[in-house]
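Inspection log for the structure reproduced underneath, given as structure tokens.
Letters are used for the chains, namely A, B and C, taken in the order the chains are written, and counting of residues starts over at 1 for each.
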Amino acid sequence: MTVLFGQLFTGVSIGAVLLLIALGLALTFGQMNVINMAHGEFIMAGAYTTYVLQQTITGAGWSLLVALPVAFVVAGTMGVLLEVLLIRRLYARPLDTLLVTWGVSLILQQLARDVFGSPNVQTRAPDLLTGNIALPGGLTVATNRLFILTLAVAAVVALTLALRLTPLGRRIRAVVQNRDLAAVSGIATARVDRTTFFIGSGLAGLAGVALTLLGPIGPTMGTNLIIDAFLVVVVGGIGQLKGSVIVAFALGVLQATGEYLTTLSVAKVLVFVAIVAFLQWRPQGLFTLRTRSLA
Amino acid sequence: MSTVTAPTGRTPDPAAGGRRRNLLPGAGPARAAAGFALGAALLFAVAPLALSDFRLSLLAKYLCLAMVAIGIGIAWGRGGMLTLGQGVFFGLGGYAMAMHLKLADAGPGELPDFMQLYGQLDELPWWWRPFASPWFALPATVLLPMAVAFGLGSLVFRRKVRGAYFAILSQALAMAMVILLVGQQGTTGGTNGLTDIQGFFGYALTDPVNQRMVYFVIAGTLLALLLLARQLIQSRYGELLVAVRDGEERVRFLGYDPASVKLVAYVVAAGMAGLAGALFVPAVGIISPAMIGIVPSIEFVIGVAVGGRATLLGPVLGAVAVAWAKTALSERFPGGWTYLQGLMFVLVVAFLPGGLAALVGLGRQRGDDPDRRRWWRRRRRQVPAGVGTTVPVEGAGTPEATDGAGLAGARTGVTA
Amino acid sequence: MTGERLDGLRIRDLRVTFDGFTAVDGVDLDVAPGDIRFLIGPNGAGKTTLVDAVTGLVRATGSVRFGDTELLGRDVHRIARLGVGRTFQTAAVFEELSVLQNLDIAAGAGRSWWSLARRRRRIPDEVAEALTTIGLADRPDQLAGTLAHGQKQWLEIGMLLVQNARLLLLDEPVAGMSHDERDATGALLETVSRDRTVVVIEHDMDFLRRFARTVTVLHAGRVLSEGSVAQVQADPRVQEVYLGVDSGTEA
């Protein structure tokens, strides 16, 4: 029971990391219909930002706290650069965008190797986030995973509020739902796109900070995560965040329970099969905006 | 003098390239035969004479990658299905072949060496046993990948999972496959893969003469696959496939089921990748997860993009060139090669979507991807809403005259 | 050209809903065999959605019968094979294929895999005929993408002809065409309707007056008025909906 609970909570925290990554993807994919494979490298950028800050600011707790906003800005800026330099010019070519951004991701990975070296590096977790919290009934939760969960929940709440309440949020939603109509209604879609990319990529940076609490940092840390995160978006559906939220946690828990019941590798295959089966039922994802279109 | 507006009576616009014949897929039979003969001469005479044993075995490896590229050219270039998981099919073919060869190396009743090494097994797992027979293993190298592609394809294409969704799904398949292989170390060799393959149907692979034989088998297979691909591209099916790529829904309204059309191309591509994987094993002596995962799978695609995705020969030449460049550069400048590879993705796909084929004039194919020629377009395509549809033509007749001609044509056509 | 029987379209209580918004709200519609029916109505009246429902693109409730066959609930390509063809507001031809290839594909839905696997040896008769009909006989090898706008729309109609569609649903076939092109298109519709049933969505009132045999006015997802051109024009409800907009321009 305690093992299963621990495994479930691990699943939830994996889901939280996936969610941080997938939120950004859901924003950019939903709005611009582009797959940004370099999103994984924004995670890496966030993680290395934490590492660098810890080299300069000695206190692990402070450096982590500082890393959150800095990583957001670093990753966000990288995202905006990518959007302006490349993605913007490839809007009607989603598959080509995927390949181009894969190239960018290769370059960024090599850059990380050249700057930080190929071997993984490790950050120290602050003392506060190394222990466990005991729950009634002999159950425990790891504080670092609790922190990540809190971070993800905070990000979802902040993003939801921003999309609902701020003028910028309304503009973003307008562009997601009908780009052409938004453009003729006087919304500067190009600027909205850049902002979306900044926020989406920044969230990936936050995910990178979170990941430093779970394991080592390496140049290719983003590659596998990005695929899982894309699956979250595909299954969750485009245009609404709640799909991503539900699916990220579901996937995390499914993966963790599958691992508990079988093995890691079999669990991966099971998750894949589950996704294909799910798409039989809802090919457009869990939630989708139904519109009349030829596509 | 006036503006011609009826659908007839207009001189062809030379700039439109309307009558241009594409050079490769549409090439005349004589030209194609000549090209084929030249290719055969290069592969069967020039290369074996000019290259050392070492280089020839490298070329054999590249040609295997080129076979995968032919399939990707069909599925992606012609069918619009960006498959980022061809490594799965390559791997299925490769593992099927390697399992047979390992069993043959071990001898009847014996376990392959790595299974003895890990020492957890007393007898062969049930799913290894059929591969002892070449009559099972050889067809399986092609049929197994085709079956997996058929299963996945019929599920996702029917539910209209396509575009980026399909690409991600195919990539996830590659990830799942690799993790599965690595996880089952005792029966799959894990990260190491199936290594140290000694014999190929009774011939020792250590012998350079037999290595040459393997090369000839590979070269012959490649040419056969090229012929198959050419037939496919030029057939009515090939035209239909392009139509599905450019307007899946439109094709549906013409009474076709696009899912079946795509499925055929995807399954054929998978079969080609499987065959390539099977032949890769004797050429290289090893198959491992590192050769079939996410990264190698997407590397298959770059060769196709560089060569020219919608052409027949482009993917082959591109795959060989990229693989050669990788060998030449990656050992001396490993970091530099990664930068170059990344740059290739960015520059070729963004700025030269037609690939090198477009540069040397082999491109401008009928059936090119519509994105292709719109290099560096900023905005999405807009259908011009009826502006500029009338073209002034010198010396054209009065509107009534051309109008009459159009109608006459219409009437006789319908009532005939 | 077809030699097959002429069928009419019979729609009963057709409803289409998008996430709570009712685009088509209980439409009854009868189109007699061989009719040229024009569907008009302000933007958002549900004209295109109605065609989408008939052709299986959107899910709908109610009943749509073509001849004796119920169409609702069938897949798009099955409905197409029953002889229902349509065009789209923006000319939907395969731009990277030649005129001939476009028509050949349209003519080939019934082909066996064996015949698909081979090359086209000669131009099929019905394709040659259609090439003449749509006035593109002199340029079969031109890429469809390089055709002029009007020619593309004609090519689309040609594709419907070789597709052997017995019910033609045309979504704004003359949008963006010049007057002469419109006349030619109208004449084509008249000849075509001898052995086919034609439904046209059109905003062009001038075109409607000249070529419509019957007219149905849709408004807010319902049938507002129906009858001959004169009857519909005299209907005060139609005048109210179309207040001030009655000629030559897109509504």
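Just so we're on the same page, a residue touches a chain if its C-beta (ideal position, glycine included) is under 8 Å from a C-beta of that chain, and two chains touch if they have at least 3 such contacts.
From a predicted model like this one, the values you see are computed outputs, not experimental measurements.
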- Message: By Cα centroids, which chain is closest to the centre of the whole protein?
- Response: B
- Item | From chain B, the most remote chain by mean C-alpha position | C
- Message: How many angstrom lie between the centres of chain A and chain B, each centre taken as the mean Cα position?
- Response: 32
- Query: How far is the middle of chain B from the middle of chain C, if each middle is the mean of its Cα atoms, in Å?
  - Reply: 38
- Message: With centres defined as the mean C-alpha position, give me the chain A-chain C separation in Å.
- Response: 46
- Item | Per-residue overlap in chain C, given as positions that touch at least 2 other chains | 57, 88, 92
- Message: Give the residues of chain A touching no fewer than two other chains, as numbers and ranges.
- Response: 294
- Where chain B touches two or more other chains simultaneously, the residues are 249
- Task: Please give the residue numbers of chain B that touch chain C in the complex, ascending.
- Result: 3, 5-8, 10, 12-13, 16-19, 21, 231-232, 234-237, 239-240, 242-243, 246-247, 249-258, 366-370, 383-391, 399, 402-403, 405-407, 409-416
- Item | For the chain B and chain A complex, residues of the former touching the latter | 76, 80, 82, 152, 155-156, 159-161, 163-165, 167-169, 171-173, 175-176, 179-184, 249, 294-295, 298, 301-302, 305, 335, 338-339, 341-346, 349-350, 353, 371, 374, 376-381
- Which of the residues in chain C come into contact with chain B in the complex? 1, 55, 57, 75-77, 80-81, 85-86, 88, 90-98, 101-102, 104-106, 108-111, 113, 115-120, 129-130, 132-139, 141-143, 145-146, 148-151, 154, 159, 161, 163, 175-181, 183-184, 187-188, 191-192, 194
- Item | Residues of chain A that touch chain B when the two form their complex | 29, 33, 35, 86, 88-96, 98-100, 102-107, 109-110, 113-114, 223-224, 227, 230-231, 234, 263-266, 268-269, 271-272, 275-276, 279-280, 283, 294-295
